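The same chain A turns up in both complexes below, where it pairs with chain B and then with chain C.
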Partner chain A sequence: MTPPAPAPSYLYRRNPSIKLLAVVLVALTLTFIFDPATPAVLFCLTLLVGRLLAGLSLWSQVKPLWVFVLAGVAILLANIFFNKENAVSPALVYIGSLKITAPALWAAGTLWLRLMAFALLSLVFVKSTEPQHLVLSLVHQLRLNYRVAYSTLAGYRMLPLFQSDYQTIRAAHRVRGVKEGNGWLRLWSRTRRYAIPLLAGAVRKAGRIAVAMDARAFGALPSRTYRERMVVQPADWVFLALVLLVVAAITAALWLAGVARFAVG
Partner chain B sequence: MSGGGSGGPASSRDSAVRAGRRLGLTFKDWSTRELVIAAALSVAVGVIFWGWGLLWSSVLQTIPFPFHYAFVGIWMVGGLLVPYIVRRPGAALMGETVAAFVSMALGNQWGVLTMASGIIQGMGAEVVFAAFRWKRFTGVALYGAAALAGGFSILLDTFVYSYYAMYSWGSIGIAAILCIVGSLILGGAVSQLLGGALARTGVLSGLAISKGKVKKI
Partner chain C sequence: MAPGETVLVLGPSGSGKSTLTLCLDGLIPQLVEGEYGGRVAIAGLVVDESPVHVLAQQAGLVFQDPDAQFCTLTVEDEIAFGLENLCLPSADIENAIDEALLSVGLAGYRKRHLATLSGGEKQRVAIAAVLAMGPRVLVLDEPSANLDPQATSDLFALLRSLAADGRHTMVIIEHKLDELMEWVDTVLVLEAGGRLLYRGSPSEAFYRRGDALAEAGVWRPQTVELVKALREAGWDVPGDPVDVGTTIASLAATPGLMERLRMRTAGSVSPGDGRAKTREVVMEATAVSYRYRGGRAGSVASDAGRNALTDVSLTLARGELLALIGPNGAGKSTFASLITGVLEPSRGKVFLGGRDIVDLGPSALSERVGYVFQNPEHQFVADTVLGELAFSLSPKAGRKGVRHLNSQQRSLVEWWLDRLGLLPLAEASPFALSQGQKRRLSVAAMLIRGQSVLVLDEPTLGQDESQAFRLMEMTQEFRSSGGSVIMITHDMRLVGEYADSLLVLVAGRSVYSGTPEGFFSRPEMVEASGLATPALGRVSAGLRLSSGIPDGLLTVGAFLSSAGRNGSGAS
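Moving on to the complex of A and B:
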């Protein structure tokens, strides 16, 4: 017997459109802030929210972010070489003839932590939202055309099929003794040989799905009923207000402490 | 089930819906087959976006700021391949947005920013197709859409990544040129090649791209 599913978390129960709006507003706030401390604080706060309100373990939140180490190095190098303040700022330290300035480090840290915060916010959003609920909510709250919404959902359901189709095509090629090149050449030849059959297969399946949908009079009437309806409850507005309040409070506190800076103005 | 409204007074919502209708984005003239094929193609392109993101996060990331913009173009394919094949109003916006969502959901480095980029790039392409009254989806229209999608993309990045606070306008200009040229080649030309190759397999029969191209035996 399978164990009973855990009770849906607080974040899981929030309306997807409202949750999305909250993520977008926090991300937008971060784009206006130009200091490393604010995104770092918001990053830690998001970790905590993910742990306590979405039931995600800290490790499962941090693990997908490892690619950011490399991104951080790239951002740092770009700033050391190309930051426009380098020419006019005094050097903090010289590495060989390379001049490292405070504005370069400040900008690199800001951008890196901003990206980390974005990524974590999105991760918590995606992991606490059912794609189906998101699409339904886009229809019910944001007035997305329902034909587009359901078709998109049908397309989205084909995602796991791509994986199995890929295996089938690969096996078929192997049986026929198709040779795969080496290194970059292999990547190119693979892309070329797999992309078209995969896309063609997807189009064929989509056509069959569409016939089935048409047979059930999909989109024949101007309005329709829903088995599940996404609603915005007062608790959702409370959630949104709390998110905005906390972000505003943190930004204001850091600004008063002389840490936070704004990108514009 | 009771519950609050959906935000904003009804009148402003209705006027938004009417504005969408005026723009022709009601998806009325789309058949169900076109809609589902567009969605499936967008999801497939989303997987390509995601793969390119992995390549970016590992290999392309080592290229410093203005120069890596030469490789951004692949991410315009959703807003170009889908309208190139389906040739309906809204195809560019839908293709790019759905592809961006899929690449975000599969997990990439940019998270929710991917959606912002997708919507902006899709709008860039859609605006050009709209300027052609959605009657032309090849040649000038396709490459114009690629260029504007690329242009919108670098504009958004300049703002979101605070490039204006870090780099000189000269190097941002280089990034913009590389981004647009890259979009023409990796976005426009790749879409045209992929669309053509796909049409030759015969699966797109009945869609706009195959009109008059089907060989009778």
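Moving on to the complex of A and C:
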């Protein structure tokens, strides 16, 4: 039901807050890049890191990204139809009367590869981090209020329950003889039909968890102790420094080679 | 309550049992809003004046749904959670975790993820988590509600050992009474509206106040019902036995009863006895197997590629009630999904009235087979109670109003509403009904189309005695009009009382198919299947050992028809 626990690895042992910081900094770099090659290189690098330092198979990293491949098609179409440069640029190729221009492909590729790189970064982070450790680290290193942190964790626990409830409700409605319309028009009525029992169940469950937490003195005192403390070790700083160094080196090299382009804003 | 006392709280749905538990550790009135009066004190601490964290060390609460009381992901973190909230130093916490796990028999489970545990193990962790805080009072709100029979027995054995050491006072809300009767000190009965109906010893409660309890809709031990019925039939049963052991002794000491049972039951209880000779087969499943495909959402990775069901067969006759039983995860729900067309078998076929259900198609199938899911809310599709029933007859009417029904359909809907006692609530939301009403509505929505087979998943879960009785009455009526029922349940009492036949699944395979008597008279098989014999079956088996009567008497009715009336002579 719950996703399998991450296996101990180099990345798994890194402090979650530091790891999060690394992901945020790389993502920030990506937002200023405006060429398809740099995000593609960073994407491959992340794949490699995921494989070598987190022990994730390439397939397990790529498979969950299929939604973003769909998004890529949408981005491509949007650019073919609506890119401002289309009118003034020469056509690379015509498909029927549709004019495909280089700027459209360039913009679509850049946007899509950045999206893929963001997604993969997050995925590798999630797959190499124990949720409990993240919560503890957010409290210990980033001074997040423990009440907020633990409530979030309790919410996270409910996600797989939500998913299995959804499956059951779908089957239950099919048995009632509800026709599963697949048109967009039916989407609204279907969403509403599923949402009410799902929410009714979730609200009840959330209430019960809250009572169970209160009953064990959660939030009764202004602070609490921790069985385990998340600490930042020198190795974590080394990791962060390495990440920044490698990313900086790659972007610099690509810029010098005339591949990387930057856009501010 | 005295220190070390074990109190069983009984009462119908909505009588305030759970509310009472929240008062016991000060969550009411301190954190839950409402009007509060009176005085609750634990170990001298008045709950509305003492800080919650102090009270939490005096009273520990365990709830029925394990997934709705955990707040972390691993066993050790879960047990540590309460101790961390009390600001204990980590060295103390480490020790307390080991100690708590040892006391619930889960040493070695420390590093396990909660999601990988069985329901019974989860409840043990929940108990360990409160025990670690060192409470004097343990409050358990239907702790066995989601457990299979074996896990329930194990849990009760654990509670009994915790009660026996005298360090814990216990308050238990439960309706599986027969196993608790041996060691509960006091019974406390609440009636609708939350008033105290009775407080005293179990035998006093069930023998002197039995009628009032029955009227309030409270579950009573099957053994008590048996003794009362025998007394009404003129048998002079000594004592007021409430548990299985003392009942066996009392019945054995009843003048003349054993002789009569030996004489009457000799050879008369045989499989298939009293059942229609010509079986008109309604549904048939032949060597059905099912394998979940890899990556199925909501499944554990190890499920993929493993057979959920292997070569399970079944025949269901007209009017028959078949109980589908087995431990959690044995494939009961998967099998129910296959025979109702929710899933399609990987191998084997299911026939309904001689036709393969795959050829029949989903809409023709749903006209013939109804499937009532465990949680009635999951099956509600309309905005009103009326709409729920109308939807079954015409989906359009369910969505847009009864004007889309013809007059015959409209009177059918009204007839059902009246029968369910829901006429005044016809325009209410189905979600606003009581547990019992929701359940009956979901069954009615399935029966209204005149289906010939009804599959019920845990029909009595969370129902009080009178609600369960009314529900089973509906099923019995359905059967007498020719309907067949397949019932998935962990409630062995229900199985003993209503089932004509059993299909027992263990790890996806059928290990027994036949009469309930045939199954429950083989204790080694019952135990190997992770199930439990209903209380009367155990009485019957005990009498066989002590007095040599043939066993296999599972219901009050079976006992009575064998014993007959005292003094009326053997006829």
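In the analysis below, the second predicted complex is superposed on the first by the 225 of 265 C-alpha atoms of A that agree within 3 Å, B and C clash if a C-alpha of one lies under 4 Å from a C-alpha of the other, contacts with A are read in each partner's own complex, and residues count from 1 in each chain.
Throughout what follows, a residue touches a chain if its C-beta (ideal position, glycine included) is under 8 Å from a C-beta of that chain, and two chains touch if they have at least 3 such contacts.
Fair warning: this is a prediction, and the values are worked out from it, not measured in the lab.
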{"item": "Which of chain B and chain C A:Ala195 touches, first, second, both or neither", "value": "first"}
{"item": "First, second, both or neither for A:Ala119, with chain B first and chain C second", "value": "first"}
{"item": "Contact breadth on chain A, by residue count: chain C or chain B", "value": "B"}
{"item": "Chain B versus chain C as contact partner of A:Val62, first or second or both or neither", "value": "neither"}
{"item": "Chain B versus chain C as contact partner of A:Leu53, first or second or both or neither", "value": "neither"}
{"item": "Which of chain B and chain C A:Arg174 touches, first, second, both or neither", "value": "second"}
{"item": "Partner chain in contact with A:Val24 - chain B first, chain C second, else both or neither", "value": "first"}
{"item": "Touched partner set for A:Pro131, first chain B, second chain C, both or neither", "value": "both"}
{"item": "Chain B versus chain C as contact partner of A:Ile250, first or second or both or neither", "value": "neither"}
{"item": "First (chain B), second (chain C), both or neither touched by A:Val211", "value": "both"}
{"item": "Common interface positions of chain A, toward chain B and toward chain C", "value": "131, 153-154, 196, 200, 205, 209, 211, 213-214, 218-219, 229"}
{"item": "List of chain B residues in touch with chain A within their complex", "value": "1-7, 13, 16-17, 26-27, 30-33, 35-44, 47-48, 57-58, 61-62, 64-66, 90, 94, 98, 102, 104-105, 107, 109-114, 116, 159-162, 165-168, 171, 194, 197-198, 201, 203-204"}
{"item": "Parts of chain A lying in touch with chain C, wherever the complex brings them together", "value": "1-2, 4-5, 130-132, 150, 153-154, 157, 160-161, 163-165, 167-169, 171-179, 189, 193, 196-197, 200-201, 205, 208-209, 211-221, 223-229"}
{"item": "Complex contacts: residues of chain C adjacent to chain A", "value": "22, 25, 27, 31-32, 51-53, 56-57, 60-61, 63, 65, 67-74, 76-77, 80-90, 93-94, 97, 113-115, 129-130, 133, 297-298, 300-301, 337, 340, 342, 362-363, 366-367, 370-371, 373, 375, 377-381, 391-392, 395, 399, 431, 445"}
{"item": "Interface residues, chain A side, partner chain B - complex", "value": "17, 23-24, 27, 31, 34, 64, 67-68, 70-71, 74, 77-79, 81-85, 107, 110-111, 115, 118-123, 125-126, 131, 140-143, 145, 147-148, 151-156, 158-159, 162, 195-196, 198-200, 202-207, 209-211, 213-214, 218-219, 229, 231-234, 236-237, 263"}
